[in-house]
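Take this structure, written in structure tokens, and hold onto it; I'll ask about it next.
Note that the chains are named A, B, C, D and E in the order they appear, and that numbering of residues resets to 1 at the start of each chain.
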Amino acid sequence: ACANTGGGSAKPSAAADTSETDKTLNWANWAAYIDEDDDGNYPTLVAFTEETGIEVNYEVAVDDNNTYYGKVKDQLALGQDIGADTVCLTDWMVGRWIRFGYTQELDHANIPNLANLTPALQDPDFDPGRKFSVPWQGGFAGICWNKEAIPGGLESVEDLWNAELKGRVGVLSEMRDTIGLLMLQNGVDIAGDWGDAEFEAANEILREQVESGQVRNIKGNSYLEDLKSEDTLAAICWSGDITVINAEAGDKWEFAIPTAGGTLWNDNFLVPIGSPRKTNAETLINYYYEPEVAAEVAAWVNYITPVVGAKEAAIAIDPALAENQLIFPDEDTLSQAHIFRTLTPAEEQKYQAAFQSILLGS
Amino acid sequence: MGLGDWLLPAYTIIAFVFLLIPIVYTFVFSFNDSIKSNIAWRGFTLDKWLNVCNVEGGAVCQAFGNSIVIGLVATVIATTLGTMIAIALVRYRFRARSSISLLLFLPMATPEVVLGAGLAAQFLAVGVPKDMLTIILAHTMFCISFVVVTVKARVASLDPALEEAGRDLYGSPSQVFWRVTFPLLLPGILAAALLSFALSFDDFIITNFNSGSVSTFPKYIYISASRGIPAEANVIASAVFIIALVIVITAQVSRAARVRRLAKL
Amino acid sequence: MAVREFAERGADLELVGIQKRFPGFTAIEELDLVIPAGSFFALLGPSGCGKTTTLRLVAGLEEPTRGRILIGGKDVTDTKSHERPVNTVFQSYALFPHMTIIENVAFGLKRRRMSDPMGKAHEALKLVELDHLAQRRPQQLSGGQQQRVALARAIVNRPALLLLDEPLGALDLKLRRQMQLELKTIQEEVGLTFLHVTHDQEEAMTMADTVAVMNKGAIEQMGAPEELYDLPRTAFVANFLGQSNLFTGEVVGTTADAITVEAAGTRIVVPAARSQKHQGEVTVGVRPEKVVLHTEAPTETAGRNLLGPGRVIDVSFSGVSTQYLVDLGALGTLLVFAQNVGFAPVAGLGTEVWLSWDLTHGFGLADELAETGRFPADDSTTSIAVQRREALVSELEEH
Amino acid sequence: MAVREFAERGADLELVGIQKRFPGFTAIEELDLVIPAGSFFALLGPSGCGKTTTLRLVAGLEEPTRGRILIGGKDVTDTKSHERPVNTVFQSYALFPHMTIIENVAFGLKRRRMSDPMGKAHEALKLVELDHLAQRRPQQLSGGQQQRVALARAIVNRPALLLLDEPLGALDLKLRRQMQLELKTIQEEVGLTFLHVTHDQEEAMTMADTVAVMNKGAIEQMGAPEELYDLPRTAFVANFLGQSNLFTGEVVGTTADAITVEAAGTRIVVPAARSQKHQGEVTVGVRPEKVVLHTEAPTETAGRNLLGPGRVIDVSFSGVSTQYLVDLGALGTLLVFAQNVGFAPVAGLGTEVWLSWDLTHGFGLADELAETGRFPADDSTTSIAVQRREALVSELEEH
Amino acid sequence: MAFAAFATAEAQPQAPKRKSRIALLLLLPGILYLVLFFLTPLISLTLTSLQVPSEFGDIGQYDYAFNWQNYVDVVQLYWPHILRSFGYALAATVLALLFSYPLAYFIGVKARRWPLLQSLMLVLVIAPFFISFLLRTLAWKQLLSDESFIITSLKALSLLAPDAHFTGTPFAVIFGLTYNFIPFMTLPLYTTLERLDLRYLEAGSDLYANPFTVFRKITIPLSMPGIVAGTLLTFIPAAGDYVNASRDFLGGPDTQMMGNVIEANFLVLLNYPAAAALSIILMAAILVLVGIYVRRSGTEDLL
């Protein structure tokens, strides 16, 4: 058998583009990550199709960076079409795809609106010059709590370890967010130059809290279920979610960036190597970089849009919205948020294993 | 008599209540007027039943459709292959018999994660991309053993004298097979097929390792579980449950009626 | 398959030097047999002696290890089962459970593409008086009815040779007698050749033209029923076919007409023509109904053997006749039947009696009586093997 | 449970006004029965008449709908099965398949905490000559051997009352006769009370002190075997217990000693004391072995009934005796048995014969003969019920 | 229907024929299939379990080697999970047996008189098969969450400590395993009990055994094949399960079983050798346990 386990040394080559004749597009994305009306239609996508004639098949196929990667990596390694022409994945995973050559290089000529990209995101270390990826939405990881149970509110990650909350605290299974917050609490600059010692210190704190039973559970997106069922009363959370569940299950929760700082992440469009519809994908990206469209999406999903001018456009929709720091953060808010630095493969392996060992218990 | 007379029936009732609680819960929450996730009760609505396929661009229905297709194809292949093995095992004597029996028992004794991971590793090593085909191949594999067990019991209980009588009454070997053997095995074969379908339809673990980007109904639920399962999933599950129950109960009642009619003769 | 005609009449069956070995067991050692066309032949023998095996060889369901089988003069040894002009009524009926009675009966006709199979099947069902149940399934019939259907299913094909494997085994005595009559009538009417296997000696004797007694895979004796009963050649036949009083002793006198055997000091005379051996140790015997019971010492007469005095140790009334068990000391115990023409038994328990029988009724055997335990070794291998296999298979499946 | 002793001797059994209804079916209408201690009582009857049900009531495996059951004078109607001094040899043996033979036999002893159960069990096995198979499992035994184990398992407990439900049903004639002898010996030796259920009339008659003939849930007649055979009171008993030649006609003359019946123009005289009815339509009969066959017209004698001439329409040889079927025209067909004391049959097929019997052998019945078809409705209810259940179960499983 | 899988039928005496070409034809496709899709994966799983990380390779890249050290490593790292898997599976099996036996006895023995009721109850037993087991497990998770009616009532009744919770605990995982595999236990039990010949029980009571002794000495031994089949059908999948113990379902960080570890290594850490080594260990352990169990319970013929 050929020993092409995982990545493989020979990088696959991009598929031929048939966008000229094939006016369709498959978009794999996370759940609740685009505007949706009561009939289950996506208004911005409907408008996009009217405008360009490209039929978009929007699929909620990403539940987790790792599991999505696990599902498609073999096809990617062979350069095959994975059934998605564009996928939105988180920074570090995008970095891995780019390293492995699983993405197609974008033709910036097809994305003139890229000029609207927030300067802060124009040159990330995993994709200098945004040659392979373009941000879709971003968000903060911080802390949240049940206002009814904890009327006093929380301020820092330390507050989660309060004895009164024993067994009622949730943390995220996304290593960069949970460990990131803990490192920030320890005074580490997570974007800067830190090493094993800093990571270990934070990981140990988490291990202690999990083993002592202070932390009830470590979950991905389903931490929301626990919040709703009140299995947990406080948690490490993603900013956009809280707005959504407040709308859905009564205005019971509050989100805050901890005093020591929160993490900032982005999910990015990319075009998988086997996709024959790169141009269509670029057309789509360009469309969502129009400030009006970006504002419409942002108003619905409650995450941070990377499009300059969207805030102004949003004022037109709902002035209150524009004031929401979680959607249109000002400089002050942004200064509290930090981006987790890119890890080397060896670090990635090592830290993930250490983090997983907490998740799996012993 | 006394105690034992009502203790067991009472226990049985409690046991059934226990068994059915989560099913009733699932059914009730298919009418929940939920938004994204389906946890807190927000009021009664028929919307979810009326618009099952409208949510998330029909992802639920597509997953459901995939599950049906996979189940059907895997069932047909596994039933055919398994029935052939069952007949051979009961009716013929050959040397490798015990090794073959072991080979058939092993998949049933192997935990699903091992089956799933092993097959996934294999597909990986050979470079087969994961899609519907790999799921079908995987499902067929674990269904075969169950088919063999089910059909074998039927073949073994088939009186060989019946086939001999067929031959004695001028039936050629193929006539004897199609007119005597096959009709007599049919109920067993159907039971095996049903079992295969049920196993395939509800399988998540093996599927998860071998499905690549293809979604199936259990996989859809598993993925959605991390962010709240839409009530539409409850709708589909409840619908499948009700349809299956109606079919089975109708069959049982009509069988009972037939038996009673038979008893009157 | 070619369309074939009904057999005009029965065909004769010939088995030449048949041997049948199963792995580890020789069921039939060496079998030669000729059954003339149109006769009713009964194969009689204890359980496990190879009767069913013989039938299966003839039907083509089993291949002989050696030897040839001829039906109507044609060698069919290598002919497949479904091409032999033979039908079988199986020991277990083997009715198809998924077909109605009428479909069962019509099965063979349809396979041979006979015209009007349904009509013929109904005819056959009428013959066994079950036409009103034509639409039922076998499970809905009683054992006796099933047996009649099995018979109809075979007879409807008018095979040249009909094999019956204990077709009346499941019936109670009354029904059994009626079915016997019926079978015999059908055989005579249709003129088919019947090969009937049974272990019921009475059945064999009342029905068959020729009876063959089989033992351990070989035929011990064969002939007309009366002949076999009257003059058994071996101890096995003497005891299997009815009961016998047997005595073993040295031959002490031989004339042209008779031999004299001395057993435990008593001399018993047997016609020379009715004895298989004329010297050395010989076992002689007489049937219990041929023995007359005397309550007073009779005078010795030339033409009669006289034994006694002995003592009646058991009297048992069985309706038609009374059985006496008479203890004759060293000579052993004798069985005597006396038909109940009067009311009370002739002799009570403990009475001193003498026994006598006409010389001409005695017989001398070719072999000697083997001593058996009170309970004979009950080793019907089939039943044990079947049960073992059942247990094993069911255990396997329970899994 | 208290340690109990072996029963010193048999206990008597009394059933008072027993009725047993199953849902939708009354198996026993009204049953009164007294079986004296130490006796061998046989319950005889056709399939489905309620024999097994009666036994199960006595064993406590079924509760009577009405009535009381007394064993040794003690009312046990409400006593649990395992507390009754009764053991059963089941129709199906019911040997525990998961235990060896010796464990099976010792089971009851162990439950009662008898000393040395194994020793006693081996004794019992020796009695039925199966001690060498003590370590086998029931599945490894033949039917006959299993039956003997079942017997040993019951007898070893020396119960006051032993119930035997067709314990010899599976045996072939030879073994059956031996087992009968054995049973009888054991019963006499141990002095237990035996209640033996069978549908084999010969078995009942040869073994029992008292025979009761049961029909449709009620006892039709009861008495010593000879008595019952000699003087049946109903057509059912006359035909169930042996065979009978029956004639129905009007009573045309009555004297103190005898009645005269005219059937199809022929006058038949029956002793008045032997007739249940003395006027109107009466069915009279005579046993076939009491009838004498004459090949020449005999002279009419006072003490004999004379019929004929008729024609022999069937002769069948059955070893001990020959059966003749004689067609007497309007009077119907008569059966005659003649013991084979000579060689050849007395009369061949088609011979003209006359029949006669001693007046004193005739009997008159209380009821009339019902007409039956050639094949009687084969409605052994149990067998059908069993089959139905089997069909049902298999159908369910097919699913 | 599913329960037929466990049904046994009266076996008929079969006279298996001589070796035949037909047998080969009948067997070949199916056996080939299993060799291809069951046996070779096992082999390649074994090979994978011996791989080493590629030198200079990126995450998830391995080379073939004979690195048996992988086994030592995973055992050292994950022995608590291995023990936990078998502990939970054993507990669930015992609980399922205790739960199912009376139920199966009622359906198979007591309800014989009412065939319709019997089959309807059987349908209810297999009913859970018809609704996704993931959904059922999630339903339990909701029904047993901290603020749910059941848990709050238990707390109100002081049957549960005020700060106690259920989800995420070993009890919850064992509970889920038990619940999910009850049909697998009940059906084989039912099929043997349904065939249980009541005449044996009658014979027992005729031979002076009281009801309890009859149950212990006759009913239990006679239903042994069902008990063995049921416990195997429950234990094997339970030991390898990873849904119930998953943190997204009923488990928590300290209830993770081997299945979860295999999944995490395979899908998240992309540590294929570790996942494969664990799989092989799990399978071998189960085979050994099953072998011992079957031998001890005297039902070797089952295999």
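We adopt the following convention: contacts are C-beta pairs under 8 Å (C-beta built on N, C-alpha and C of every residue); 3 or more make two chains touch, one makes a residue touch a chain.
In UniProt terms, the chains line up like this: B, E = ABC transporter permease; C, D = Spermidine/putrescine import ATP-binding protein PotA.
Since this is a predicted model, take the numbers as computed values, not measurements.
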| item | value |
| --- | --- |
| Distance in touch steps, counted as few as possible, from subunit B out to subunit C | 1 |
| Contacts common to subunit C and subunit E (chain labels) | B, D |
| Interface with the most contact pairs, given as the two chains involved | B-E |
| Centre-to-centre distance between subunit E and subunit D (centres being mean Cα positions), rounded to whole Å | 55 |
| Approximate Å spacing (C-alpha centroids) for the pair subunit A, subunit B | 38 |
| Approximate Å spacing (C-alpha centroids) for the pair subunit C, subunit D | 25 |
| Residue numbers of subunit A (touch at least two other chains) | 1, 3, 5, 67, 219-220, 222, 229 |
| Where subunit D touches two or more other chains at once, by residue number | 97, 388, 391-392, 394, 396, 398-399 |
| Subunit B, residues touching no fewer than two other chains | 39, 124-125, 149, 153-154, 156-157, 159, 161, 188, 191, 225-226, 252, 255, 259, 262 |
| Residue ranges of subunit E in contact with subunit A within the complex | 44, 51, 57-64, 77-78, 80-81, 142, 145-148, 163, 165, 167-168, 247-248, 252-256, 260-261, 264, 266-272 |
| In the complex, subunit A residues that touch subunit B | 1-5, 28, 31-32, 39-40, 57-61, 63-64, 67, 71-72, 74-75, 78, 80, 82-84, 219-222, 224-225, 228-229, 244, 247-249 |
| Residues on subunit D engaged by subunit E in the complex (per definition of touch) | 1, 59-61, 80-83, 86-88, 90, 92, 94-98, 107-108, 111-112, 153, 157, 392-394, 396-399 |
| Residue ranges of subunit A touching subunit E (in the complex, touch as defined) | 1, 3, 5-8, 66-67, 70, 73, 96, 99-100, 166-168, 173, 210-211, 215-220, 222, 226, 229-231, 345, 348-349, 352-353, 356-362 |
| Footprint of subunit C on subunit D - complex, ascending | 46-47, 97, 128-130, 139-145, 148, 172-175, 178-179, 182, 199-202, 205-206, 225-226, 229-230, 241-242, 287-290, 292, 316-321, 337-341, 343, 360, 373-376, 378-380, 383-384, 387-388, 390-391 |
